[in-house]
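Per-chain residue numbering starts at 1, and chain names A, B, C, D and E are given in the order in which the chains are listed.
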Amino acid sequence: MTEQAPILILLFPFLTAIFVALLGAKVPAASWPLTIASLGASICATLTTLIQVLENGTIRYYVGGWAPPFGIELRIDGLNALVAVTVATVAFLGAIYSKDRVESETENKGPQYYALYLLLAAGLLGIVITGDAFNLYVLLEIAALTSYALLAMGNKRATLAAFKYLIMGTIGASFYLLGVGYLYIKTGSLNMVDIQEQLIANGLQDSSTVQVAFIMITVGLWVKMAFFPLHAWLPNSYAFGPTTSSSIMAPLVTKVMIYVMVRMVLTVFGPVYAFEVLDWGNIVVWLAVIAILAGSIGALAQKDLRKMLTFLIIAEVGYMVGGVWLVDETGMTGAIYHIISDAFMTLCVFLFAGIVFAKTGARDIYAVDGLFKKMPITMIGFIVGAFSLIGIPPTAGFFSKWYLIQGGINSGNWEYVIALLISSLVNAVLFFRIIEIAYFGKKPAEGHIHHHGDDHTKISEAPITQLIPLLGTAAIILLIGIFNKDLVAVIQDFLEPFNLVAGIR
Amino acid sequence: MIILIFLILTAFISLRVKDLLSAAMIFGVYSLLMCLLWAGMGAVDVAFTEAAVGAGVSAVFLISTILRTSRRSSD
Amino acid sequence: MKFLGLLTVLITGFLLIQAERDFPDWGDVNSPASSYKLSQHYITQTFAETSVPNMVTAVLADYRGYDTMFETVVIFTAGIAIIGILRVFGSNIKPDHPEVVLTKKKPDLIVETTCRLLIPIIQLFALYVVAHGHHSPGGGFQGGVIFGASFILLALARDLQYAQQWVPENRILNLAGIGIFIYAGFGVASLLLGGNFLDYGVLTAIIPGDVKDAHSHSMLGVEIGVAFTVTAIMFSIYSSLSSNGHMKEGI
Amino acid sequence: MVAIEALADKFNYWVYIVIMMIGLYAMVSKNNLIKKLIGMSVFQTAIILFYVSIGYKDEATIPILYHDQVHGAHHAEEGDHSDEGAHHDETHAMEAIAKEATHHGNDHAVDADHAEVDEHEADHVIDAHVMHNESDHAFEAGHGGLDIDPNQFENPLVHVLMLTAIVVGVATLGVGLAITQKLYGEFGTIEEHEIIEQLRTGND
Amino acid sequence: MNPAITSSTPLLACLASLAAVLPILLLRKSPNLRESATFVAGFIKFGLVVSMLPTILGGTQIEYTLWQILPNLSIAFRVDGLGMLFGLVASSLWILTSLYTIGYMRGLKEHSQTRFVAFFAVSLSATIGVAFSANLFTLYLFYEMLSLATYPLVTHHQDKEARTGGRTYLSYLLSTSIGFVLPAMIFVFLKTGSSMEFAEGGFLAGHVSGKEALILLLLFTFGFAKSGLMPFHSWLPAAMVAPTPVSALLHAVAVVKVGVFCVIRVFTGVFGLEFLKTMDIATIIAWAAAFTIVVSSLIALTQDNLKRRLAFSTIGQLSYIILGVALLSDRAVIGSMAHIAMHAVGKITLFMCAGAIFVASGKKYISQMDGLGKKMPITFAAFTIGSLSVIGLPPTGGLISKFYLVTGAMDAGQTALLIVFLVSTMLNAAYLLPIGYRAFFPKDPELARQPFSWKNTEEASLPCVLPLCITAGLALVLFIKPQFLLNLAGLMVGHGG
């Protein structure tokens, strides 16, 4: 069965989702174990695939037995095997966390929640493993629809934000679709690899249609990943949606979109076209710099814990977009490595925010007041995530910054390096502010109104279903930090054939 | 050609008109025109689907929401 | 906001016009999209490989069957999503917003009779559209939507609760799920028989006939699955939207 | 008139841009949520129009084989191919023959790749081969022309894609409407600025 | 290249205190057992460090590669003369400070002692890690670890003052290390493509242009802000909110010395003295250090809070060390390295005295200490010895290192800087000596007339007083037997001292 592993990655969560939706009406209690089991199985499938890729190189799985370009193929190489493992693992951890929170945060719609959750996971996994540009669009829409619903289950603000997200997300996806249409009109193909072959074979380097296709796809994905000026939908939706929803969406949705962008740049258009024919690297890096700074400044201005974290996501998106456009192998490595590490870092801090919200019922950063005493284990988990976002060794975040900065220096994009450093410092300020509040246990002098008041003293350690994912994530952050060499070796193997410009300009 | 011009007109009007119920109806007309256009271009399956989905079900969804919420629109 | 919208539109429009300069002429048979082996293969080989004359059906359900499965899932997702967003379970019913005044429908003889006559015909036609999708325009989606529309018509003509007597909420969801299970079932069956996912060719082991027939029959099967799901979800969405999630009374 | 002629070559392509921009403008700048959603649908249909336009070919018909073609193809397998496609003029058919021949060559190449890459599908590939050989055989035997002329039919692929896009569109519309209803239940209005105003003044 | 052997002793020495964290946490219910765990770890650590001493003195280095964490980059340990010197100082003083901690913390009945002791142990691991790092990357790793591990120590009181102090502390240290050192390190990594192993004579020569070298040097020197070079010095006075054992060990020995240690490493191991000489870029650092020395001494004069005065004194003394290496002459560099040890011993004595005074009398301000020498004669005697050592007067070890520094300045032909040395020595004397003097010979005739009697003494408890006596004794011993320190330092500049 191992040669069927690629499709099983998807089938487990996807079929279970439908099963959960049907069974949920009668046996709601079965939803959670089924979710966990299917995501666990999916992790196994992704790992099997990863091992196969490492052993035998790229896997091409022809769905329906039709050879591409006639049929749809799942094309798994080092890059998406890694991302798939990440997606499955994050989804798994997030699902464990959901157990105690779903009922209270989604108005007793547990089964629907889990069904949508699994469909989101399936959609994201599908996006990651597919090798067909149009198939990607369909899965993009599955992921998007589930996201809208998962967010709209939250409070008033989240509902409005979900609507905004729906509009923006549809614009983004439609731009993508239009871009694929332009590629199709010029090449006649939908298979990613085949598109690139046709682009080269037909000499379409100068075609304005292909250029616009590139812009449309990139901008569409930027909308979906909340790249700075196009980020308006993100902060409120992740900050006010159910914590369970944001704990899977915040780490995964933007990261998967970045993966798609990398895929488009490298596999569909090819680095030569994306970076040399269209020499926009510097402009995009500047945009990324603005995004990083804007995200950091936005985060500084927030008093709401989760909203602050959402602005950090925007800054991190800037990291990765910039990293891709540094046009440097190390920078690209850093960007891809950051996709993985950032997924776990974001998961870690969002889980923490969720736990704090669950325990105190408060959203602002003063909710962590004195938590070091009351929930030391939770805080340890959080500190690992926070350190990683700041970039303190040996957490994963440090190493992604290491590669990204290296790429920035290598390609001479000093503005990017400086922006990264500033953002690290801002992260340090942000997280030490939280750590300080948690450590000193002082109420703010201004007499800030707390929703919780006296029951503060009753707060104790989080339940085990919330601790396991938090600590698991923290452990993974450390592990992928310490073993980053192996991870990076896989990424560099993947990048090698693209022959990205290396060396100092 | 005529269809195309009408298409632009209906799209424009459905977004201009202040009464949402009329907007939904005109949107249905727009979909139907679109469906005719596609049928003319030989895309029968697409036209068929659009006739059932765009002009039929979408319009019904819109109308049921409008009746459940509010008919007026500020723009 | 207006300014922003205008700006977006201008920039995007400019880009699209730029792109359009390089398009092949409309209807040009030599454009890459038409002359590339991909579409030509579908046109010339479909019948030989699947014995389905309607290329759209064949491409939809076979060559790109994976897409279509997820297309069905999109519909299903929408159904679940809308239930997740709107549905109010049990006694936790908030009063309707006062602005929404819904009058209880009086039975109307003309409407009712017309519907009584029309609905079976519509449903029959829907079945025909599903079943005859191999040879004429149509297929699971179109048929499913029409079938779903017949229930919507029923709900409009009488009221939602009446229609729900025929298709209660739970049964509707089960139907939708079964539809996807049918679709995926063909895929899983081909997995189990040693082929790739959705590789209908290997189903000759359980479907009589040669490889082409296996393709053709499996396509019919998945189209039926699609029809199930689409029927169910269309009506489910309608019931949720028209009753504001209470499933009590429609519009 | 000349200008219109020039326009007409790509007229569909112009119209889709206009419609799309109308939809996009509505999505970005309308205040009413339902208006936004209608704009979204218009926007998506415009893209569908674009795709369908790609698939259009002059003098081609709907992508469903006629009965006699089907019939003919059946016969081809049995070695009894009837003469069809009489409505084509001679030169056209010749061109098509040439094209078809190269095209078949391509197919084999691809299938050979296929066999190499994915061995466990070998059975299936061989089946496909057999079928190709049969049709080639029919063609080489010169039973009065081709099975199918690719230029005779619209491109079916874009139709398939657009079926999917329509379905996605209606699904998104449905979810959007559901969110609108929920917002109306919470705020009592479906005007975006009024909702934002409520959030700002409200003590949420 | 020196001969080297592979052994895991450096790693074990580094981990010894880290491993102690677990028993410390487990034994939190019984303070005595907990403290003994610390001592056991301390002695093991010291033993391990000492066990390597003969090998190092013999001119052989000890290497150990733990883990290759990045392509071409490993976490690796290497013990050489400088590392040995610093490791010796840190590990020996830890034992004494642990003893002192018991007296101080219990004397004041501080809260959360377990946390305190545990983080203390972690900090020590980081310090030894820095001392034994084989490359720039490992150095950076432990440097960051030290910054973070000391944060809970600095903010131990968890009050408003501690919060502000801790905030300054971390913001200075983290912003400089992330903002300056990290990019500089990555740049070096990119330019050389090497594993950034410290090498005798540096590894940067030939890889960078003059301008780049200057920028890198500035980034590194100011980036290691633990060295307290102005203008990045404010964290040090701010960190004085910490309990005194922390100030004593960390801010006289571990943290600040890690800063200057890193600077020395960068000068000797990364750039190489020869390279710096040819580039002629170290002068600017020398002047920055000279400026810091004078200004901080002047500020110290104005401080009334004893710990703050000592803090500014530390800033000045650290800059001696930096100035020493920046002079680039062999003798000055040896002086610098020796000064790490000499100043550590002297300054820790002073801090311990300050703590002992606070424990016994609750007095923090110098103006309150008039005549206190009669109540705490031992403490103030030790204080005086410490002062002498810091100033660089006989019969203390401070003289030796100052001597080398001054002669080194002469070698380098920097007369102006020589004057700085001399002036600052005066200033040192001016701000340190009066404290001891006034304690024994108060201005107030009332106090002066009080007769001295051993019976009237109110010394702090034994665990408080004993360590400071030992360190004061050490300061004296180092005057007589400085040779092995000088030998260790000499190893770094290519001859046996």
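One rule holds for everything that comes next: a contact is a pair of C-beta atoms (placed from the backbone, for glycine too) under 8 Å apart; a residue touches a chain by one contact, two chains touch by 3 or more.
Predicted model, so just to flag it, every value in this text is computed and none were measured.
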Chains touching both subunit B and subunit C: D
Joint neighbours of subunit D and subunit B, given as chain labels: C
Contact-richer chain pair [C-D vs A-E]: C-D
Intercentroid distance (Cα basis), subunit E paired with subunit C, Å: 74
Subunit A and subunit E, separation of their C-alpha mean positions in angstrom: 44
Intercentroid distance (Cα basis), subunit E paired with subunit B, Å: 78
Centroid spacing, where centroids are CA-atom means, of subunit A and subunit C in whole angstrom: 30
Sequence positions of subunit C contacting 2 or more other chains: 16, 20, 23, 31, 33-34, 37-39, 41-42, 54, 56, 64, 67, 71, 74, 77-78, 81-82, 85, 99, 137, 141, 195-196, 199, 201-202, 237, 241, 244
Overlap residues in subunit A, where contacts from two or more other chains coincide: 62, 65, 70, 134, 138, 141, 145, 148-149, 152, 178, 184-185, 190
Subunit B residues counted as touching two or more neighbouring chains: 44-45, 49, 53, 57, 61, 65, 68-70
Chains grouped in pairs wherever the two touch, ordered by label: A-C, A-D, A-E, B-C, B-D, C-D
Subunit A - residues contacting subunit E, complex: 387, 390-394, 399, 401-402, 405-406, 409-410, 417, 421, 424-425, 428-429, 432, 436, 439-442, 482, 484-485, 488-489, 504
Partner subunit C, residues of subunit B touching it in the complex: 44-45, 47-49, 52-53, 56-57, 60-61, 63-65, 67-70
Residue ranges of subunit C touching subunit A (in the complex, touch as defined): 15-16, 18-24, 31-39, 41-42, 62-67, 70-71, 73-74, 76-78, 80-85, 87, 89, 92, 170, 173-174, 177, 180-181, 184, 187-188, 191, 195-202
Of all residues in subunit A, those that touch subunit D in their complex: 3, 60, 62, 65, 67, 70, 134, 138, 141, 144-145, 148-149, 152, 155-157, 159-160, 162-163, 166-167, 170-171, 174, 177-178, 181, 184-185, 190
Subunit D - residues contacting subunit A, complex: 24, 27, 33, 36, 40, 43-44, 47, 50-51, 54, 110-111, 113-114, 117-118, 120-121, 124-125, 157-158, 161, 164-165, 168, 171-172, 175-176, 178-180, 182-183, 186-187, 192, 195-196, 199, 204
